[in-house]
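Okay, so subunit A shows up in both of these, paired with subunit B first and subunit C after.
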Partner chain A sequence: MTQGVLSRGLWVLLIATLLTAPWLLPLIGDAFWLSILTEILIWSCFAASINFLLGYVGLLSFGQALYFGFGMYGVALGLTALGLGFWPSFFLGLVASALMALVTGIFAVRLTWHYFAIITVVFSLIFYFIALTIKPITGGDDGINFSAPEIFRLGDFTITFANPIDQYFFVLLVVVLCFVIVKIIVASPYGRSLIAIRDNDTRAALIGLNVYRLRLSAFVISGLLAGVSGSLFALFGRYASASYMFYHVSGEGVVWAIVGGVGTLMGPFVGTSLFVLIREIISSHWQHHALIVGAFAILVVIYAPKGIVGFWNDRMARKLSVGRK
Partner chain B sequence: MTPFLRIEHLSKSFGGLKAVNDVSLDLMPGSINAIIGPNGAGKTTLFNLISGFIPSDSGQIVFEGEDITKLKPFEISRLGIKRTLQIKSIFPSMTAYENIWMSANAHLQNLHPFKRWTTYADVRRKVEEVIEYFALQKLADVPAGTLSYGDVALLEIGMAVAADPRVILLDEPVCGMSPSETEQVVSRILALAKHFHIVIIEHDMEVVFRMADQITVMAFGAVLATGTPAEIAANQKVKDVYFGTEEDLA
Partner chain C sequence: MSSTIAVLAINGLVFGLIIALIALGLSIIFGLLDVINLSHGDFFMIGTVIAYTVITSTGLFWPAFILAPLIGLILGALIHLMVIKPLKNAAALTIVATFGLSMIIQEVVRMTFGAAPKRLMPPIEGTFNLFGVDYEIYRIFAAVASVVAIGAFFVFLKKTKLGTWMRAVRHDRDTATALGIPTQKVFMITFGLGFAMAAMGGVVAAPITTVDFRTGVDILPFCFMAVIIGGLGNLPGTAAAAVLLAFMEGVISGFADPTVARICSLVLMSMVLLFRPQGLFKGLTK
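Moving on to the complex of A and B:
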């Protein structure tokens, strides 16, 4: 069996599993696994936002929770305070996160490396504390609750977040769309220019690339991805809370992305799946499941620095080149 | 003949050190201009000023009639001023082909976010032309980060050429090269000089006197002398800087 077939087989398996999950999962276990899978999809979009910056632009952000939080609050405030419908609220979440990324990015992308990481943390902390303080609007730590909105209605036919299967497919559609867009962007002249900046920003400027503006645009795209996941998570959990803007959330996303494989398309999904599953399976037996997560992250960073997907890809490439000889 | 690059009273200090001190220089078209001088003479700082890496303290740089003194590196690059660096600088994770592609594509300012990068026939043709010209076919698919030093130097020049430059600034292009590599690079540069303006910083005197039509000697941040290789070779001040004066010996 050639490696290409193996990879294609995995893809088919993944797609088939994702498409049939609502009926497959109840057969093999509890129905609550569908909501776990929904959560995995949402958080992998968050990890993808970190991966987009770190893997393709070379910027490590520890502040993506800020844009996640803005996505959450955009949706929640849209549905509650503003009394908007589902689509305008969803859109509001995306616009809020992208705008926030633009405003903070104007300052943040002037810096790189640890300075960049620090300024992103600082921005997210500032807005975390602001969100805690303005309780009348944000609800502070308690957050804002709302009921599951309808996505679509035609006569008696409705698609609604109240239905776990509808919810799952809506999340799946949006997240897959995000991954496809990232894949397309990365292989475009624009995406190649980002990779050039990651490789060598001095040379990138010398060939005539506007490094600052490219970094800023990538930062906004990344903020938007975090905003998509935040918006989805708000709809999924029916609430928004300032606690999700804390840098702890950003840090988890960074670990998922790195363990899954930075600079690979599926890395964020693999890393997120792994850690959410570890959490779900172990936390019911043992409360210190974070220890296992930590140990696992350390092992991967040491023995597979390109992450699980990077390791896999290297293995496949090596077998392929051996096969040719 | 009007100079393509005119530098007027350009100065740059780092703390108390006057790295470039009131330099005025006219670079004429149709010739290879070389800038030589002992270590610390301010040659690379001059290149850094021209390409916008560092801001000047005072003075003016005019390229083909346009004041470029305050422009940023990418804006200067877009005017067609391309440069190589003393410490070779490429995109290590990309193949040689992709490196040249990046440069050719950046020149067209193509940042399409949704079309595949391999679909641009005009860019591909340009890149293949450059690869053939520099005889890099065998290395086209090799990650640039694993190329030998000499090949990286050629690749860097190839990247400049792929962007249809007006002028190429070469910072020590043969530094650290074997004689055969040097020979290869020198012959390329001589051939390229028919198409573009070339300004070169070089330590290897044999190379400089063989290639350059016009030599500028810098010392202590200032221009000491400008002239043809024969004039420079006969210049007493230049000899003093390079070999020391008789007082130094005494």
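Moving on to the complex of A and C:
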């Protein structure tokens, strides 16, 4: 019982904080914290894409940066080279990343475990190097810059990325939508069959599930999630760069997802918040913040192998069972 | 033109032999402990830093050849004891842990050694004429040193008791434990040995590449390519694949951009993963 009240309280607190943040944060400190919060939301969508594959399908992808990058470039090229408006560009980013996930997934999901992790990183590296070579289109490491687009205009009333509060709420809306969709998918019969594959793929195949097709569809969903975060990040930073397709970006996402808690809905958000906050708070005082980030990642996997949210859930479940006795 | 390509090919060969040494370390760690070690490249980097420090403080290059593997061995064993052992070889967790480790190592080196990349003069100066091009003698020395180190490793693996234990543990962990082989100790030594080989590769390569806290990040994908194309856990295959890859990249970069060469070897690697996951050199396992 206590667990239900406690976690419901936490949910209410979280939702209230997220909804009032644009007005709450300037009261506590600098207004730039709003942009940090926006960044956390974007990256937690990226971590969620890794969590979806690892936590519910049992595949560790080390190449999600590829779909992140395609989302970024879809938006940036849509806005600059193709001269499209905001919505078509955003849509282009999503379609590009999902298509890329489909094409690479056709090959990648034939493999599992180590081989899957390695082939995903290989695919992402191939396109990273291609993006570096075709500088006229991608801008290479320097990337493409563009100005903040308008989301919506009705007479004098505009919603635009140039306004930090509009930007925050747009990102919040999209990311929350993604998390809700993940929750619905996991609870659906489709999601249950994914979990069956994660637990035992031979048994799943024997009860008549098409393991290959289910894995492929989950891979595309995961690529799409990474693409959403990439598109949002391009809009947020007003640029796209090949450097975001490097394997280090994927690696950070994997760390955030695992430290937060794989196979839990909020794990990616918790892990990402933690690491972005550590980075932001410490880097202003001490330039060697990577030391603390690295040490923290190691300590969490040693002492809480299920991640922070998994650890919390276990504690709560234990308390509950003690209370029942 | 043809002489330039020949020189590039020989450059590739030299580089490939150094990579083979590093990738062998990666391969034994993977083969025995099932750990995908993302901090392996950083031990290569530590090797280059040790070489630089030794040469600037003493003026001698040779002590680095003893010091770097020794430091790699001790650090590797310590890291296994403190980080890898508590994780009980859970693959996803070791990836996170070694990624964290890589961040720590890079940051410590940046703190102590500095962020600016440095160059090291080859300890053997002078060039000789190779197909009409002046070629550094040190590069030939580096290739020979790598071959000697790789040869010593295989002799160790085949002829010593510890090496036999390592092969036994790789073959069947449970049976080896049942027969009284101290498996945990073998794991620890393997981890140390893998890091020692990476550090050794760093010393050999230091005068050829730059000494920078980020070099590990560039070298790591290449080592993984060698391990995959050679076949996971197949040690002679790894060495052969490293040489083949670097040779191929050397030749291709004679015609095209080095990035194109890299893309070619990555495509080759994905072909191997998809169609021949046991590696190109399966016959070498025996």
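Operating definition for what follows: the second predicted complex is superposed on the first by the 324 of 325 C-alpha atoms of A that agree within 3 Å, B and C clash if a C-alpha of one lies under 4 Å from a C-alpha of the other, contacts with A are read in each partner's own complex, and residues count from 1 in each chain.
As a convention for this text, a contact is a pair of C-beta atoms (placed from the backbone, for glycine too) under 8 Å apart; a residue touches a chain by one contact, two chains touch by 3 or more.
Everything quoted here is computed from the prediction, not taken from an experiment.
Once the two complexes are overlaid on the shared chain, A:Gly155 sits clear of subunit B and of subunit C alike.
Among subunit B and subunit C, the chain that touches a larger number of residues in subunit A is C.
Once chain A of one complex is fitted onto chain A of the other, the partner contacts of A:Pro136 are absent, as it touches neither subunit B nor subunit C. In the superposition on chain A, contact of A:Ile126 is made with subunit C only, not with subunit B. When the two structures are aligned on the shared chain, A:Ile195 is found in touch with subunit B, with no touch to subunit C. In the superposition on chain A, A:Gly83 makes contact with neither subunit B nor subunit C. When the two structures are aligned on the shared chain, A:Ile184 is found in touch with subunit B, with no touch to subunit C.
When both complexes are overlaid on chain A, the residue A:Ile207 reaches subunit B alone and has no touch with subunit C.
The part of subunit A that touches subunit C in the complex is made up of residues 54, 60, 62, 107, 110-111, 113-115, 117-119, 121-123, 125-126, 129-130, 132-133, 247-248, 251, 254-255, 258-259, 262, 288, 290-291, 293-298, 301-302, 305. Looking at the complex, you find that subunit B touches subunit A at residues 51, 72-74, 77-78, 82-83, 85, 89-94, 98, 101-103, 105-107, 109-117, 120, 159, 163. Across the interface of their complex, subunit A is touched by residues 36, 38, 83, 86-87, 90-93, 95-97, 99-104, 106-108, 110-111, 217, 221, 224-225, 228, 232, 257, 259-260, 262-263, 266-267, 269-270, 273-274, 277 of subunit C.
Put simply, subunit A touches subunit B in their complex at residues 184-185, 187-193, 195-196, 198-200, 202-211, 214.
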